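Shared between the two complexes below is chain A, which has chain B as its partner in the first and chain C in the second.
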Partner chain A sequence: MGDIAAKGAHELFQGIVQGSRPHLSRAISHVENGARGAAELLSHAYKARKGALITGITGSPGVGKSTLVDGIVRELRKAGHTVGVLAVDPSSPFTGGAILGDRVRMGQGHALDEGVFFRSLATRGHLGGLSRHTGDVIALLDAFGFDHIVVETVGAGQSEVDIMRYAHTVVVVLAPGLGDDMQAIKAGILEIGDIFCVNKADLPGAERTRRDIEMMLDMKEPAGWRPPVTQAIAVNGQGLPELVSEIFRHQSYLVASDTLKEKNRWSYKAVLEEYLRLLTVGKVLELASRDGGLDAALDDLMQGKAGPMEVALKLLQKYWA
Partner chain B sequence: MSGKIRVLVGKPGLDGHDRGAKVIARAYRDAGMEVIYTGLHRTPEELARMAVEEDVDVVALSILSGAHGTLIPRFIDCFKKEKATQDLDVLILAGGIIPEEDIPALKEAGVDEVFGPGTSTETIVEFTRSHLKRPVA
Partner chain C sequence: MGDIAAKGAHELFQGIVQGSRPHLSRAISHVENGARGAAELLSHAYKARKGALITGITGSPGVGKSTLVDGIVRELRKAGHTVGVLAVDPSSPFTGGAILGDRVRMGQGHALDEGVFFRSLATRGHLGGLSRHTGDVIALLDAFGFDHIVVETVGAGQSEVDIMRYAHTVVVVLAPGLGDDMQAIKAGILEIGDIFCVNKADLPGAERTRRDIEMMLDMKEPAGWRPPVTQAIAVNGQGLPELVSEIFRHQSYLVASDTLKEKNRWSYKAVLEEYLRLLTVGKVLELASRDGGLDAALDDLMQGKAGPMEVALKLLQKYWA
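Then we have the complex of A and B:
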């Protein structure tokens, strides 16, 4: 475990405020690793948030999220905005290692652009499509002062929907040929899109995919924002200006309808819940595995001496005082 | 809670062969490290920026084009500039087709070790683990 003494946290934060990239990236590592001093660093960062607009990009593996993110960054830069990008990839459930490959799609155009910061995050065992500290890292980027923050989730299946807690605007990316209109009416990821983007629109079936999504949206009670369904060919930039203008339109809608504040409150709730879990469940598991209490509890369960709820309550009483 | 060793596996310059880099990336992954792969054809400047933003503990550059004598020292210069320090706390490794007689100059420029063809991945992973230049955050 790393150790940033009180002075270290303060110094890192000062670096962030002054726009130092090495300080920002070091701070992200400390937060990810739960280093001592990270709590203080985050207190500074959360207080210094500037209100960046946060866009989430999610969708199945291979639909083109990374390439699309690269195009979105290019368009945002053209419009004069600075951008912080977080790209999440999965950690191995066996070794805890990870290959973070989202940089591969990052074009040469803004690889050295001072207005862009890119960081890869591994899930480190966290489910839901993001890493545990995504909310905190967003706060660091926001304190640094980026106008926009773009978060790319892991290749999501059907229920990795955490991104909706942290992003103001969620773009669900689809590609042709991945399922019919039955998939489109299932619960889960398709419900969370503020914008849909059918990528690889030059492939057969793109129009059909677009229609399936429109049909799903037709079945919903009309209320406020109707998610647009856009098409793109991310590899050559086609459809990107349209996609980004829909993102802007959605963000103006959030401001005009006063739902931005509501969303922010909800995302603070997600961060708070995460910390409560860490401080309670995390603490109980850590203490109980240290003195054999966890093994004893598992023995009781295995031998049918007690039910899981009962055992959990006992653990809570013993270790959570 | 514990930190993870983070490694940037990079391909500098005009060299389209990344099987080796991918094998190394995979070996580091299986050793429990977080590997950021840069993709092909990166300039030393881009690699330096990436290494800073990803806050890596290790940079491993794979190069088979023969341009190591130019690209790797240039990367190290850029990296120091980006980090605003002369005193890098990051382990720098090079691998690929690098002739024996070029190795002293690379080490002089700041490369910590050079691995040639036939080196086992275990050797590389072990070396990396035991030569980190800073405690993992």
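Then we have the complex of A and C:
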């Protein structure tokens, strides 16, 4: 299970580009588990990317993201697009398991549709917001050939910033009634949303929430793209055609304004940073925990014998050849 | 402003350990801005840590964290403790500015109290959840000598996991009425909370929220500490003495069970990882962006000429001496 060298990374890759879903599933698991041979598989996959359009869906817990994603997938299918969905769940740093639940229910609605693929990724307590495999799994889905990839993050805050690095279009989902922290939330999300969607628009306060966001957008320096603020009731599908048409409109804008390439470049930089981190910090920590060097370093820090900069430099000197 | 070498890192440090708040403020700004000399200052500060008890407060936007933190500070002051408060705000990756607002109002309530110190940190679009300066600023506050340090993160998801690494006690704040995503939220936060607090307990559903959490805690493997689930109405101070007494009880438990040291060790490991990342990934990216090496690497990735592993290895070979 933890070794794909025998099975052959190339064979797995061939299966993926030929559209085999079992191969895709297995490949994602291998990448998640850090199996041997995964690096070779990913090297193939990155080089074979087909240029899917990537939409990120983010927002606080409770705003109804899962239902909304479900509806977006339905609309994309109606338009004839194939869709890969990646849900990045906050998960226990101890168990490392993804939270299913909603996700399972959602996947089942499309279970018989060959044009849709659902997958949950655990964040595994990684220090970098999204799962550190997010970029890699997107590359696999892209090599497989989905027209559209939808990445959903659970949670607000840093993951919203992270999602920008992989998505062409970021949809920020809100719901009415979050009260007086509204100002703070909006200031934080204002910069990252290409589209805003006020979900649960049948609840009181929806119109006010919409107006509040419009007002804050009005105060921003005008740029090329003015983020639209849509309303939806995801549970009955209301507003979803409009939302998806705004997603398409944003993606046309990116192509027309030549900013799609820029976005891709930025996302590759995020991938590169992650690989560099693994190769350096990951490697040093691994080596240093094998022979007690890390324990000694932590002892020095605990006892105030040295500051973190000195300790880090010493570790690098010793474990980085 | 961006250089403390002239002013003298040692002088600044002396001011801090002698309890000068202007020196502390200036030192934090220097650390946030990455001023020259900050490394030396921090080296002093880490070695002079006094062992403050660190409480992390986290929860989704809208649950009323700021008001609750305000109340906690009031209770800690009543008990005679000095308190440093660090609020880590989600902020624009473009402007890098912290969101004030609530924070300003809150700070003003304690403006004349020399025993309280408030500070906001921007996350600055850093890829690592909390601001990458969180650990360093905690070290400065600790060297200053506050009895208690309270770290508040805005947002749910990854930042909740990150906060664990710096806090001895994590308080997860909830509010009733987050609806059907409750299950998912709880699964994500269950592992990280040492104490749960259902705020806005006067709203309908508060008792159900409390029971839901208790039930999920019941299903967990019993460990040494059973997280209490408290209720509060932060706006009128109700439930705050109980909450703070639970914080004290947890911290006594940590000392008695000898897990405080373990927690400190884990938090030093997070600090060390951050320093290693800066010294390796940070350095390589900086050097490579100076002479066009990074651009060439991103071109290769964009054109599918090489996978990220090959590109990362090449960069390391070239820029890491």
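Definition applied: the second predicted complex is superposed on the first by the 290 of 321 C-alpha atoms of A that agree within 3 Å, B and C clash if a C-alpha of one lies under 4 Å from a C-alpha of the other, contacts with A are read in each partner's own complex, and residues count from 1 in each chain.
Basically, a residue touches a chain if its C-beta (ideal position, glycine included) is under 8 Å from a C-beta of that chain, and two chains touch if they have at least 3 such contacts.
Remember, it's a predicted structure, so these values are computed and weren't measured experimentally.
When both complexes are superposed on chain A, chain B and chain C end up sitting side by side without clashing. When both complexes are overlaid on chain A, the residue A:190 reaches chain C alone and has no touch with chain B. Of the two partner chains placed by the overlay, only chain B lies in contact with A:21; chain C stays clear of it. Of the two partner chains placed by superposition, only chain B is touched by A:119; chain C is not.
Shared-chain residue A:248: touches no atom of chain B or chain C. Once the two complexes are overlaid on the shared chain, A:275 sits against chain C while remaining clear of chain B. Note on chain A: of its two partners chain C and chain B, the one contacting more of its residues is C.
Touch criterion met: A:35 reaches chain B, while chain C stays clear of it. Between the C-alpha centres of chain B and chain C, as seen from that of chain A in the superposed arrangement, lies an angle of 100 degrees, given as a multiple of 10. Of the two partner chains placed by the overlay, only chain C lies in contact with A:309; chain B stays clear of it.
No C-alpha atom of chain B lies closer than 6 Å to one of chain C in the superposed arrangement. Chain A residues 91-92, 95, 99, 101 lie at the interface with chain B in one structure and with chain C in the other.
By the touch criterion given at the top, residues 1-4, 6, 25-26, 28-39, 42-43, 45-46, 49-50, 52-55, 82-84, 135-137 of chain B touch chain A in their complex. Here chain C touches chain A in the complex through residues 39, 42-49, 60-66, 89-95, 99, 101-102, 123, 125, 127-130, 135, 153-162, 164-165, 177-179, 181-185, 187-192, 261, 264-265, 268-277, 279-281, 284-285, 294, 297-298, 301-302, 304-313, 315-316, 320, going by the rule given at the top. Interface residues of chain A, counted against chain B in their complex, comprise 1-2, 20-22, 25-26, 28-30, 32-35, 91-92, 95-101, 103-106, 108, 111-112, 117-120, 122, 124.
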